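Read through the structures below before going on.
There are two complexes below, and they share chain A, which is joined by chain B in the first and by chain C in the second.
This part shows the complex of A and B:
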């Protein structure tokens, strides 16, 4: 271009004034069409008695009846309590174990040992939850699984993991802890390495105890990373029933039934679309409330830390 | 603090490697690392072990820690006699298709939100996109099943590719946004002064710089699509069933062919393991949606 003057350059740059819109629009439209519009429709259905098996019945508006039925149903609350247990205990154990291992890796192991650990720990969390479920289904089997075989060899009781109403959810929990503790370890390890070593040097010079250093250097410095790790893990544990589906299908009875799975059954076993969509809105509500409480606690904690 | 106590403390730190305590702690560390590696790998090993057993050797009362009669029968039978090869191919078609669309759509959007966070709805829309990643899949599955049934899309590749966009697009937008944010805007401004259009500055200057990030994002999105279960469970039948909903149908009933299920699981794991080894530290960033930079 021969007439490459300042003004023509400017004109060419401003001609693309709407570049962001063209760039963002396809993604936004896809998400509107595939998530938002269906979810609006789902909200409408949740106030009706739509049932996919009763074709002849006219769909009627029944107000909050679906919500009321769910909130007074024992099975609904059992599923919610199972989910709270699964998410609460699971994520707590994963976090405590993960944090401990991450700090040991950062402080005591070095070089190739850490590379080895890093590589090995990537494996569980990248595999399909269904496949992880299958692995633990094999391990926990009561007649040919190695876990009970080893327990028996050590003279310990051999519990019937997957066919016991007391243990089935715990067995799934153990599989989840196996799969996702590595995620906690690696995130927290990465976060710990990002802390400026001068802070630890200063604490050492001041004669600070290990606990004091942990409490007043490590934890406040890692607050953001800890929040991200907990939030992502809690949301994912809440979302997926893959492992449960493979290991117990919610059984025996409904002893290991998670909220999302009961919701799936309402929709695709009972075909009660009205009640199923109502439940999915309740689940969404729980998730949003949980995330907000969590973020609120975090913000408050950060404010407190500044005072100290 | 006085000088002698400081010296004492520094001395303690310096002494550690040669002291008895140091040797003890080294043994402790070795035991610790071995334990973690063993616990992490044992379930994988057990599946591999099961996959190479004869069918009757998988259900012995005393489980064998090595295949007593090594065979690849499980692999041959599950792939060809039971046709699981078709399910793996379906998984490949759906995951590659959805990943490709998500990248093509998501990369420009990620760029837009990285460079001009105040436009196109700004932070609110950006966070809205992220929040979709947190949706329990069952929530959109219910209305989409109804809509797709009306459109005759149940059990089609198109449906699966579209469905996977619901979680792939938010992930790509958010990750790519974080990768573009790492690149100073001055690079593109220089290109604009050189007479590039804004599109050219994006395509010829910024895009090549984030290529490693795009590759990492592509691999991660592919893994999530490959592993996906709930959408596949509801929306696939004989024509498009992927391997994830197939596995539970092989388990249960009175006679489970464990060597075959283990063989299919092992095959499904192989590409994912290869990708994990390839990505190493980039994975951490991907799995935390760009929040933690490894």
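This part shows the complex of A and C:
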């Protein structure tokens, strides 16, 4: 009897057309509380003059003033230009180096040599960025760093890497290229291995040179993988923070200050929350626009095939 | 003039596997030769050495009289069709056909003209703008063939190109490939593991096993006068029946089944251990025992419509007979099987390499 009522209750419950939403509700609530409400709130804050250090002041709605101030500020644009330089040069170098090494590993080395290369190449990636940052700060140190020691021993000039406005950003770039090129190698190597070897044999039979095969078989076949690798690295580089914070703190002056760091200073040093949230939204906008331009350019390539 | 010559070609892979063992053969201009053999027989490796995709460990390959042994495949002027078709997935049919021409820096008008011509020959003109993934197996096959013919190469190499097609399409493409070869008048080497494909397509058939050439002959000769026991069993479907035994005083006695048969006059001098091969279609059922007959029990009957395949049990050994469907046979009954005189094949030993004993009077 009781089992009968239970099963009929279950039957009624499963007939409930909103049942699936009840199951999703906990996840939706968590998302709302941790992501969506804070985002909407931050958007609101970006239109106010909220500053946590001025307790007495009543927070006022000031419209687009935060955005206007940022977009007309030299420091903001310097930070954006530094970020663009850092993302553009860094990801390009990582990609070119990574692609070259991946192709060499796929075509010219194999067996134990590849295993060894993998182990060695993956080490930088396994290191915590903070540790890598500290390590490179020591390596670049002007008085007792091994890099300048070696340069000096070879009779070359010993630049002041981290305290020169010309070199500080490049020093950070070198550290980041060192750490993340292996990621490119790994992704592009697996992407290359996923291509059917028959295509390469067919290309050889078709009389294609190595360069022709690279352009007309390898690159188009790897378009999807290349897009994903570039996108992941570009997004990651865009929000880069750790090594710069450890190596230069944006210095000397603001010469190596990136968008993320300036944003951090606005929020957690100046506590100018209105200004900081406005900058966060601008950075997000840049990232979204860049990513879409990037995908659009890739999709226009040979054959116009969907890549992602 | 695109004769292909292999001179004592041997291929040993890195892991010491002997894939091709001392193969010498000549493929004449405009000839269609089929390499056939079980998997691992070295037929594909031989083809790939002719293509240049593998380097011979030893020996020489000449194409049109020129020594090509160490020439890269891109410089051999030979086209190849792969089992997987190996179409470039990111390129349209047009892009696939033009690939070898673009690779040679041909001018656009000429590429356009050749692609149109090849598409016309293969009936794929309306597919030119499609991607390979949008084509059926048969259409992909045609594109693969088209990519080979646009170049007008010295020779075509076909590595099991029909193996991925369904049975009906395979029969159809088989005929199309043959007529294409005749139309274009090119040298073609076709590799297959399917003996029926070999028999129907080849001007000549090369049977390979364990890296060695077993026999090179036109299909009919291959069937009627197999050089050794391996070829005899490999060519023909259902396979030739083999009874192992020995000959004394012009009488063959089987080891296992107790079958004894007298020898026809042409083979009167033979003695010793032999394998006797009898094709299923070369037997009939008779009412009384007599010359060339033995008794056998009917185990199973397979009616195929135009023929029936009767499985006999001869002293524990299976013996197949291909009979007219009107012949009355009952499962379980004992019958007298008569071998057509002069249709048996004797091989001088029991191994698969045992050579066929040529009867007197046979050329």
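Going forward, the second predicted complex is superposed on the first by the 272 of 308 C-alpha atoms of A that agree within 3 Å, B and C clash if a C-alpha of one lies under 4 Å from a C-alpha of the other, contacts with A are read in each partner's own complex, and residues count from 1 in each chain.
We adopt the following convention: contacts are C-beta pairs under 8 Å (C-beta built on N, C-alpha and C of every residue); 3 or more make two chains touch, one makes a residue touch a chain.
Computed from a predicted model, the values in this text were never measured in an experiment.
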Which superposed partner A:291 touches (first chain B, second chain C, both, neither): first
Touching partner for A:199 - first (chain B), second (chain C), both, neither: second
Larger contact residue set on chain A - chain B or chain C: B
First, second, both or neither for A:242, with chain B first and chain C second: first
Partner chain(s) touched by A:124 [first = chain B, second = chain C, both, neither]: first
Contacts of A:221 with chain B and chain C, given as first, second, both or neither: second
Touching partner for A:207 - first (chain B), second (chain C), both, neither: both
Contacts of A:39 with chain B and chain C, given as first, second, both or neither: first
Overlap of the chain B and chain C footprints on chain A, listed as residue numbers: 204-207
Chain B partner contacts - residues on chain A that touch it in the complex: 1, 4, 9, 12-13, 15-16, 19-28, 30-31, 34-35, 38-39, 41-42, 45, 52, 101, 104, 108-109, 113, 116-132, 134-139, 143-146, 149, 178, 182-183, 186-187, 190-191, 194, 204-207, 224-225, 228-229, 232, 235, 238-242, 245-246, 249, 260, 263-264, 267-268, 273, 276-277, 280-281, 283-284, 287, 291
Chain A to chain C touching residues, read off their complex: 196, 198-199, 201-209, 212, 216-217, 220-221, 223, 302-303, 305
Residues of chain B that touch chain A when the two form their complex: 1, 5-6, 9, 13, 25, 29, 32-33, 36-37, 39-44, 46-47, 50, 58-63, 65, 105-106, 108-109, 111-113, 115-116, 119-121, 125, 129, 132, 134-147, 162-163, 165-166, 169-170, 173, 192-193, 195, 197-199, 202, 223, 226-227, 229-230, 233-234, 244, 247-248, 251-252, 258, 261-262, 265, 268-269, 272-273, 275-277, 279-281, 283-284, 287-289, 291-294
Residue ranges of chain C touching chain A (in the complex, touch as defined): 51-53, 72-75, 77-80, 82, 84, 86-92, 95, 99-100, 102-104, 131, 147, 151
